[in-house]
Amino acid sequence: MEEKKTSSQSGGALPFILGLLAALAVGWWMFPKALFSESHQPIRFSHKVHAEQGMACDDCHKMRDDGSYAGLPNNEKCGECHSDVVGSDPAEKKFVEEYIQKSKEVPWIIYQNQPDNVYFTHSAHQAQECTECHPKMTDNDSPPVARINKITGYTERTLKMWQCERCHAENGVSNACYVCHK
Amino acid sequence: MDSNLFPEGHERCSLGRFLAWIVFLGLFLGFGGYAAFVILSQGLVVTGLDNYFGFGLWITFDLAVIALGAGAFFSGFLKYILKIDQLKHIINLAVIVGFICYSGAMLVLTLDIGQPIRAWFGYWHPNVHSMLTEVIFCITLYCLVLVIEFVPIILEQKQLNKIPFIHHLAHNLHVNMALFAGIGAFLSTFHQGSLGGMYGVLFGRPYAFREGFFIWPWTFFLFVLSAVGSGPAFTMLVATFMEVLTGKKLVEYKVKTLMAKIAGSMLCLYMFFKIIDTWYWATSYLPSVGLTFDQMFYQTIYGKWLMWSELGLCGVLPAIMMITPAIRNRPALLYTAAILDCIGITINRYVFTVQTIAFPALPFDKWVTYTPNWAEWAPAGLIVAYGFVVLSLSYRYLPVFPQEKALNAK
Amino acid sequence: MEKQEFKIKWGMVIDLDKCTGCGACMVSCQVENNIAPQQDASNKLRTLTWMNVFEMNNGQAFPDHEIAYLPRPCMQCGSPACVPVCPVVATDKNEEGGIVSQIYPRCIGCRYCMGACPYHARYFNWDDPVFPAGMEKTLSPNTSARPRGVVEKCSFCHTRWGRAKERARKEGVDTMDMPQEWYQTACTTACPGGVIQFGDVNNPKHSVYELVRSKYAFRLLERLGLDPQVWYVSKREWVRMLGDNYLESEKAKKHA
Amino acid sequence: MGLDRRAFVQLAVGGVVGTLFTPIPWKLADDAAIWSQNWPWIAKVTKGEIAFKNAISKFCPSGCAVSVRTVEGAPTLVQGSKDNPLSQGGVCPACAAGAQLLYSPARVKGPMKKTQAGFEPITWDEALTTLSAKLSAVKGKDGKVAMVSGDQTGTTSEVFSAFVAALGSQDFYLMPSEGQVAGKAWSIMGGTGKVGFDLKNADFVLLVGADAFESWGPMVRNKKTFGSKRPVGQPNQATYVYAGPVRNRTAAVCDQYVPVPADSLTAFALGLAAQLVQAGKSIDTADFADFKAMLGNFSADKVEKLSGVKAAVLADLAKKLASAKAPLVIAGSPFGQGEGAATFIAGAAVNLLLGQVNKPGGMKVFADFAPVVKGAATAKKLTEASFADYLSKVEKGKASPEVLLVYEANPAYGLPQAEAMSKVMEKIPFVVSFSTFLDETAQKAQLILPNPHPLERLDDLATPYGYSRAAYLVSLPVIKPVADAKPTPDLILGLAAKLGLDLGFSTYQDVLKAKTEAVGASWGDVSKGKLFASDVTKDVSGLNLATAVLAKAAIPNRDPAYPLALAPLAQLNVGTSALATAPQALVTIRDTELLGNDMFVQVCAETAKANGLSQGAKVKLTSSQGECVARVNVSETVMPGTVAAPLGFGRTAWDKFTRGKGDNLSKVLALSPEPGTNVSVWSDTRVKIAKI
């Protein structure tokens, strides 16, 4: 009894430190991995190839006539060039055969999708560079992997409220609730 | 069997009997737990609350137990700050009752909010203008203080106290108890007040709205006074009730009359201001918004009898009874007065919660009534049973009543 | 809290002498704000009606018994009772235009704001919204569907203002001075009687500017001091009297 | 030594402490909160391009000219079409819920046939083969096929009536409506063309029964006009008076309410006529002298005895009418159906006396649009044919149809004496329902061929009754059918071709294009939602005042066995016979109208007292023809001696939102022939009320 007490007292802090380190390892290394799932775009779309052809971002990512933002182009837009297979890339062939010809829209994963309770308007943010919020896609030959939070359903790149608020504050724009929420 | 866990030199009932008692309480715990599960999984749709009565039994229950639990902070304040030494005979019980009331209230509050997962928003995104924010912070902190005050009582348990470290810790906590009692008194005064303030600031609700001092409406101060005017009485009643249950003398009658004297004095003060407040409200404020006193009441359920009972039968009467030595020295009258006092405060919390929102402010709207359903009663029962469990365990294993041994010496 | 004034003050003017209580405003409100239909909508203590039409009468017997219908959106009070009480800043009045915001992802569902509002304009989402199969495809893009357990209320269809501002930016119009018809609430446009008018009461170019200054205009429970941004208009005195509480002696004075 | 208890505790404590310094607890708390903000089981809103498309919504009897907001092509909101004079941006409460009705749980998902075990889904091929076999069996045989349509304003009637005629039958009917009776009455007066009312230019409007802001005529246009004539905070530009048994929604906003029992509306109007004639007004018709003589029976005193309207009130009203610049009298049913011809005639006579025919703010008469489908029934003929009368003939064995086709109508629920009518329909061996929803009639049918929802189909709207101009509008589909539905007129044209019948068209679009041309409108305009309207009026010489009819019909006939008058209330938010309450409209129904599954009838305190009733009492209403149950709501809006009761409840089909709520008042409505015209009338139904 006496001996045991001494032994555990002498090695006193060791199990504690072990537990601490293990927890830190799990928390900082395993947990983030476990929290996110990885998804790939249904089609390996190359922004780079399109940019090299001299296309500008807003050739496809347009503002509509009513001032709203169209987001990703649909089949109608893509079909303007890809009504048939024009190149030799197998991804393009897949796109044309599986989507264009079947009149099915591609279920693209949006990297920065906002939830329904957010009303984001691109028209008020036209003075900003796209890349202030979005990754620079023009150099991308294949789209990045989308990491999606298993609990929230948000992608890793989804802007959080504090990011919006910080930018608004820096630019002297109102941070009133209804500016961004619906 | 578990006798070596009992407080030094005390007799307790057999383990079997004790377990039977706990199982009996467990029925309430189980039913309340089931209700809590249903509420958390299906939402508040299962309760009797509705669009007109967002607040109901639970809030009334919370406010009532928090007021009645005020014995803890006020006794602590009197004992440790004002050094009224006699209170040491009952201070342990006051702390335990306070702990039960506050922790119970917090449990109910978790059920009462629509999105319990977001409960922590109250700390993370506080609105400093809201009385409820004040309540959330003060209740949480005060509950922590109560835990700290409860811990030394636990540490004094016979077996635990044998460990030197624990012994020292308990001692040190005791030595510094005045500090915690001071913090507790400060926090508790504030949130008892904020609870009253919660209603007093409702300027859209003529039944509750009160002018006030600085940011605090008069209800802020009235709630503090009413809490200290009933909390000690409740603690004393709990002690008496435990005596009935255990068949032992636990606290000297002198201590009880002291508690009653304290409660009675505070109640007198409270009633004085409360009556002035009610008078001013009925004759000045209500007419100023085009309303009359009579319009504030409806049928029996929201009738004037509630107010008369609160102010008279359960207000002025027990106040007089408790400050009159001849009356309070007679146990039956003392207990009657204390019970009336507690009922009065409960009525007060009920009308401020329910009648306030029942009164139709819109002239073309009608009175709507509210009755709590099983899903609200069950968790309330759970908290009461939880209180009994904590008290029973504390009594059985902890040295709660310093006088018990002497009073029951054969 | 000190009162905030804004350059724009969105206000609604409701002419009670025209309202027949048909319910078109309520239906449009349900649709535009994605309120799921409830099987038993006759339990008014559990329905969600951001816009609710009250019925009132002059208390006389037939044939002198007159009735009036009073559509009640959120009053978007200048001194809201609900805002200062919210413990988590889920509701606020901090945006240009003075609409009282209610943020569902922030709300913890404590219902203190409901207790504070004398107009019963706030509703608790008792149950998760369930739409009949397929009906979710018709949800309005302007309001998120709320989970159970949060408080919700009329927002003057404020997302429509956002869309109007998008249009203004596109067309080079000042977002602070847009034509009145660019931003209208769902109830306003739906009303077949032209009962509801909506606009900036600080903007002389908007029709409501004059209307709120009419001698027939009044607001509900003005004496409680919430300073609503919804005005009612009626030429009938008994209707105006029912907009607030009066002592018998005051009634006599008013009539004199 | 292994892991002893103490070390384990230390390890655990270390783990807990360590965890506090990792994102785990904090991130989990935050993510859980975010999860609660986006629960996967909460519906997500539609995203994408917003557009607005004009269309016609036919959930209300007059049809609403609407603008549908679509998101990525999906309808999300039905509003009024701003530039259309019929709606001026407003919408009725029934049509406002239209987009959501696309996915009503009561929608018929595809063709079905009735079997012993209930309805069974079948293919369109099978459905059409069955139907064409049935029809070819009766083709050419007289009176073996009949059809009834609930579309009061569309060219579908031409296609259907022509089809039925080509099959060898004359039995095409429209469901009863206000316009039908008006048309018939106008014919009795020797008038031709269609009658409308120029509310816009009238400065004094007397509504005799006609519930103009709810169930009479184009409700949205009526209300918009009313609103525009009464600018907020400024003097009224027009005065409105309502006369009828209930201070209903219309009366609530009128300047004056005159209590008149439903069976005395004609006498009341004739009383006004008598006052005007006394004041020297006259009409240039051959029978004016007879008319004048007959009015001797409708002096103010006599009218007071008949209707209870005080002589002074009548005289005052007549004076106001006479002194107004542009007075207008609109006489009709207080609930949009069941009134006799005499009321309309009496109202028209007052307008004639006031010189207010084809004048600004008066009664307008204009030509009907000519039919374009070969063999289609004329408008006049459609006003003559009463479906209720036809079913009575079937009941008596005077007609024995083999096949009944039902288009957008719900006779099994909505006809007067509904229970009896529904039984008669059972005598017809083969009933086909072309319905969007599974209504009471569809449930009785042998075959259900779902018709597209109004926003899914090509449709048109020609001059809703009451509108002051000849008007025409076409609506293109906003969305492809979301159920397996096929447009009925196209189906019928296809069947015609299959059966070798020549209707001159092969698609409904061709019909509408021809119609547009015949009307004189431009397809490009009307199909985009621009209303074509013509102000050309029609000469009204050669009218008569139907004196003989009025003399007989104006005297109320009150059976003492039924001491109370029934005043049905038709309210669009509750629905129509063809549309049960829309899910989104349920909240608009008051708890004094429906509570749980009980509907309420309204009586004033005097009536309640006389009948020993108190608030909330459960009662049975009984007429000579049927009964229904309800609870009592004491409301001082109803005349003494009258019980007001809502139409539209008591559904036995449809969906969980409406089924079993309240009772069907149509069961109580009792048909009686109008003296002098033999028009079937049920607006004067009398009842007794008893506690149960």
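Some notes on this structure:
Chains here go by letter, A, B, C and D, matching the order in which they are written, and residues are numbered from 1 within each.
In the analysis below, contacts are C-beta pairs under 8 Å (C-beta built on N, C-alpha and C of every residue); 3 or more make two chains touch, one makes a residue touch a chain.
Note that the structure is predicted; figures quoted are calculated from it, not measured.
Overall, the chain located most centrally, as judged by its C-alpha mean against the mean of all protein C-alpha atoms, is C. Distance between chain centres (mean CA atoms), chain A to chain B: 51 Å. Each chain gets one centre point, the mean of its Cα atoms, and the points for chain C and chain D are 30 Å apart.
Separation between the centroids of chain A and chain C, computed from CA atoms only, is 38 Å. Averaged C-alpha coordinates put the centre of chain B at 61 Å from the centre of chain D. The multi-chain contact residues of chain D, meaning those touching 2 or more other chains, are 32, 34-37, 44-45, 50. Multi-chain contact residues of chain B (touching two or more other chains): 115, 118, 121. Touching two or more other chains at once are residues 44, 47, 55, 89, 104-106, 128, 143-145, 147, 163 of chain C. Contact topology of the protein chains: irregular, matching none of line, ring, star or complete. Chain D contributes residues 29, 32-33, 35-36 to its touches with chain B in the complex.
Residues 63, 65-68, 115-117, 119, 121, 123-124, 126, 174, 176-179, 181-182 of chain A are the ones touching chain C in the complex. Put simply, chain C touches chain D in their complex at residues 13, 15, 17-24, 26-28, 30-32, 34-44, 47-49, 53, 55, 57, 60-63, 65-69, 104-105, 128-129, 131-141, 143-147, 163, 186, 189-195, 197, 210-211, 214-217, 233. Those residues of chain D that touch chain A in the complex are listed here as 1, 3-4, 6-8, 10-19, 21-24, 27-28, 31-32, 34-35, 37-38, 40, 44-45, 49-50. Across the complex, chain B is touched by residues 1, 44-47, 54-56, 70, 81, 84-89, 106-112, 114-120, 123-128, 147-151, 220-221, 223-226, 242-247, 250 of chain C.
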